[in-house]
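Chain IDs A, B, C and D follow the sequence of writing; residue 1 opens each chain.
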Amino acid sequence: MNRIINDPEQVADDAIRGVLLAYPDILAATDHPRVLRAAKRRGEGKVGIVTGGGSGHEPAFLGFVGAGLCDAVACGEIFASPTAKSFHEAFKAADFGAGVACLYGNYAGDNMNVKMAVKLAAKDGLEVRTVVANDDVASAPRAERDKRRGVAGEIMMWKAAGACSDEGGDLGQVIAVAQKAIDNTGSVGIGLSACTIPAAGKPNFTIAPGMMEVGIGHHGEPGIAVMPVETARGMAGLMMDRILEDQTFASGDDVAVLVSGLGATPVMELYILYSHVDAILRERGITPRHRFVGNYFTSLEMMGASVSVTRLDGELDRLLAHPAHSLGLTVLGR
Amino acid sequence: MSAGTGDSVSLAAAGPILFDLVAVIVREQGRLSEIDGQTGDGDHGVNMGKGFRMAGERLRAQGEFTLPQGLATLGDTLLSDIGGSMGPLYGTFFTDMAEALDDTDRIDAPHFAAMLKAGLAAVQGLGDAKPGDKTLVDVLVPARDAFDAAQREGKSFADSLAVMKAAAEAGLEATRDLVAKVGRASRLGERSRGTLDAGAASCTMILSALADGLVQRLHA
Amino acid sequence: MNRIINDPEQVADDAIRGVLLAYPDILAATDHPRVLRAAKRRGEGKVGIVTGGGSGHEPAFLGFVGAGLCDAVACGEIFASPTAKSFHEAFKAADFGAGVACLYGNYAGDNMNVKMAVKLAAKDGLEVRTVVANDDVASAPRAERDKRRGVAGEIMMWKAAGACSDEGGDLGQVIAVAQKAIDNTGSVGIGLSACTIPAAGKPNFTIAPGMMEVGIGHHGEPGIAVMPVETARGMAGLMMDRILEDQTFASGDDVAVLVSGLGATPVMELYILYSHVDAILRERGITPRHRFVGNYFTSLEMMGASVSVTRLDGELDRLLAHPAHSLGLTVLGR
Amino acid sequence: MSAGTGDSVSLAAAGPILFDLVAVIVREQGRLSEIDGQTGDGDHGVNMGKGFRMAGERLRAQGEFTLPQGLATLGDTLLSDIGGSMGPLYGTFFTDMAEALDDTDRIDAPHFAAMLKAGLAAVQGLGDAKPGDKTLVDVLVPARDAFDAAQREGKSFADSLAVMKAAAEAGLEATRDLVAKVGRASRLGERSRGTLDAGAASCTMILSALADGLVQRLHA
């Protein structure tokens, strides 16, 4: 296996050790080896923002801890939910006396571990409220929204909620903003090649050369169609059709767009994809006011990309423009 | 009072059963992963083996512990060190089983029934799996039902445990014909039919070891 | 070919179109389609910083245009030097009346096109001075330094020179700082898999599964050894041996370190690699004062990583800490 | 004065030779890439074809142009639109050849010699390749030497051009035994021996087309 690792079982821990050495100005260790917090602790009275999820999605999740974003993160094994204990410790690390918002993605393991952790925190008297991202419109029909997976749209949720907390919002407001951000976000991914978890040593799904999987999940979960590889224009069309038909976007709408590579796709190809996403939006009278194009939410070395679109109101627009600084995202403010 | 009276076992004497649970999971870890690999991601044995091995070390360090203390340590270890679905599911399973023995220092048939009920409720409360979804619930539900029925029929604690064990094994065997509705295997839909469920397999091992341990001690 | 492109011949142009749509606040078009400039034009009297090179290395080269970095960039076809005309137009776009520093990498095509462009600019009366990066210590022995390729260490050169220009340095000072930065930088890459130029449709070199190429170049140029894949620790050791033996680093030295993925390597593995680089430096009493770990200088979807180490003096240390903002690198300042 | 006097050609009449250069490169583009593919990255034909085709379009749009005007357009197009090594090398080659015809409106043997000398100097000034490095210099140097020698021997312009053509072809053939010292092929070291050099091949085509065009017009 041509990978830069030591013991395949220790990959998640080894990576955390490295990121702490590389970025001590952004991330700090806690007493729990799988929990990191923002290096610059925020003042008392701020709502704490916590996220967490499996490793292998870097810069997600730990790359969205920092000023104007999350305060603490729980890191799992590759593609596996963090433990209940990790989430619980992350809650404690993000407790500044105003409660904690846990903003994570809709996966069975994460749901269960967060649920247990919220129970444990309640015993300590710490109020934790949750928003679970379900932005992947390809993962279930709209009528079964609660079955949809959370993917790169989570970044919009963290950004908005982090800014709201920064602005002094209380727990109710932060939760409401996070929920609004994710409710107004739709995402779709296209997979072009599989990925290999080091401990497994071989891919646990396959995408044939010349084929693409539309609607693939962040761990290779099956999509809605396997078909011959399309042009970038065609891929953008397929993804945007799904996203735009799912919610009623109207001419005159402002949106935020995030195009993320899944790991191995050259960044220049993400720019190409974005050009078509931009054109499709503008043809419909929709204006992309915030644009993020890069590797934001990956799946190890999978090839492919995801597109996320968030419909904005004045509040979300303001919150997305709010300054933020982390490994995965820096916004300088307008 | 002796360890076993024929219809109850002292919780202190039952503590070491935890090592039997650890032993069977660690021993069968390869088989559990193999079963998971047929429909899931093939890591059930790895997840369980890691958690139970860690719990075993903590228990050995603890030295003396009662059955509920041991179950609590096991549950706590799973919650603390095993992510994914199994950590919280088995974690809360063992934690809540331990709590069901709060008010006693001996385990008899009614306590066992209460313990099983609490464990099942914890799993279902957290994971929402229904019977037929092809999970460990498909072992727990028939096991509980069989134990309760045996009790209603006036069977002894030991005989009821034997009945439960058989029901658990039948429940496991029956998962072969089910289509997975939750967990990773559910992605496969119809293709998940025809193989055992990994969680159901580990749950059967756990219930059997528990039953065997108690039966041994009932007449010790 | 499982890639996100339209016409394989148009990949470079299509990507430029996309990046301009996505980041109009950072990059602006010029009259020449292959030349981009910083969106926020800097004041008169500032030394202009220009770079350029083949496409497919994103975020390099265009991702290092922005505040505190380069002012304009010339973009070539994938892995091919920009034209002389492109460099010439980039010089004009970065002409604020104080001369232009062209800071690029040591490749035959780039050398020739820059040389022609400098001649063309001289005819307009525009003074352009050049520094050619040759930081790849694996590409030729130290005695033949002028044959060495420029790789990710170029980023240190752009960063230092951009900051010096920002501070009001004149052309001579900017050139001196750029030269000092690159002279004090050594880089080595390890390749773990090949990459495919879309127009070619298949890789034009190969790395066998289980093998790695130590000292590989940014376009797959042969390295110094092909050997079985090592652990992350082993790879760091091989790379650092080469870098540290090339220049006399001494205990007590301060350095800047850049670990860049080559495209497809998961970012978490770069963190693992960094942890060993950090350890090796500290064992020798060398302190990594600036650390950059991520995908800074890639080779399409090649797997692997490069490590660059720059020995710092007080001036380089200050210049690297100077604020900068571009697609590829943001430094908030201390 | 007529187009050809036997020992000189009017630059206006020689302009259309540019279309012959374009035609041969576009026609042979596949073969040039094939040669480059044996030791380099296989794109020499693509690079040359693209540049010469673009120059052809610009020349057609220009309508009337003299030989140096045409060469300048070709050189300028290569510098503007072809990156890599070939754009600047052939770009400056043609640009400097055009400049060598600045002070005349007819081309005779001394002017041709001056033109060839200027082109070679431009290529070597920019690319630093020496004879034997397995580049187009290995065609240009023997071509120039042969032309100059023929002139010294008192041969006519037309005969000198024929001698030059033969020398260019021999120079190309001789690159087969060379080991590449510059350019991408130099990575291969010894393995680059045994095949022709791509740039030498395109250069031979260019010199031949130029010679043929002039010979045709000398007696027109």
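Simple rule for what comes next: a contact is a pair of C-beta atoms (placed from the backbone, for glycine too) under 8 Å apart; a residue touches a chain by one contact, two chains touch by 3 or more.
Because the structure is predicted, anything quoted here is derived from the model rather than measured.
Counting hops only between chains that touch, subunit A reaches subunit D in a minimum of 2. Chain centres here are means of the Cα atoms, and by that rule the chain farthest away from subunit D is B. Chain geometry summary: the mean Cα position of subunit B and that of subunit D are 84 Å apart.
Between subunit C and subunit D the centroid-to-centroid distance comes to 35 Å (mean Cα coordinates, whole Å).
Chain centres here are Cα means. That of subunit B falls 57 Å from that of subunit C.
The multi-chain contact residues of subunit D, meaning those touching 2 or more other chains, do not exist; every residue touches at most one other chain.
Looking at subunit C, no residue sits in touch with two or more other chains. With chains as nodes and touching pairs as edges, the resulting graph is an open line. Pairwise chain contacts present here: A-B, A-C, C-D [touch as defined]. On subunit A, the positions that touch subunit B within their shared complex are 54, 76-77, 80-86, 108-109, 112-113, 115-116, 199-200, 204, 221-222. Interface residues of subunit D, counted against subunit C in their complex, comprise 41-42, 46, 79-85, 87-89, 91-92, 126-127, 182-183, 187.
Against subunit A, the residues of subunit C that register as touching in their complex are 1-6, 11-12, 14-19, 21-23, 55-56, 58-59, 63, 192-193, 207, 209-212, 229, 231-233, 235, 259, 263-275, 278, 291, 293-295, 298, 300-301, 303-305, 325, 327, 330, 332.
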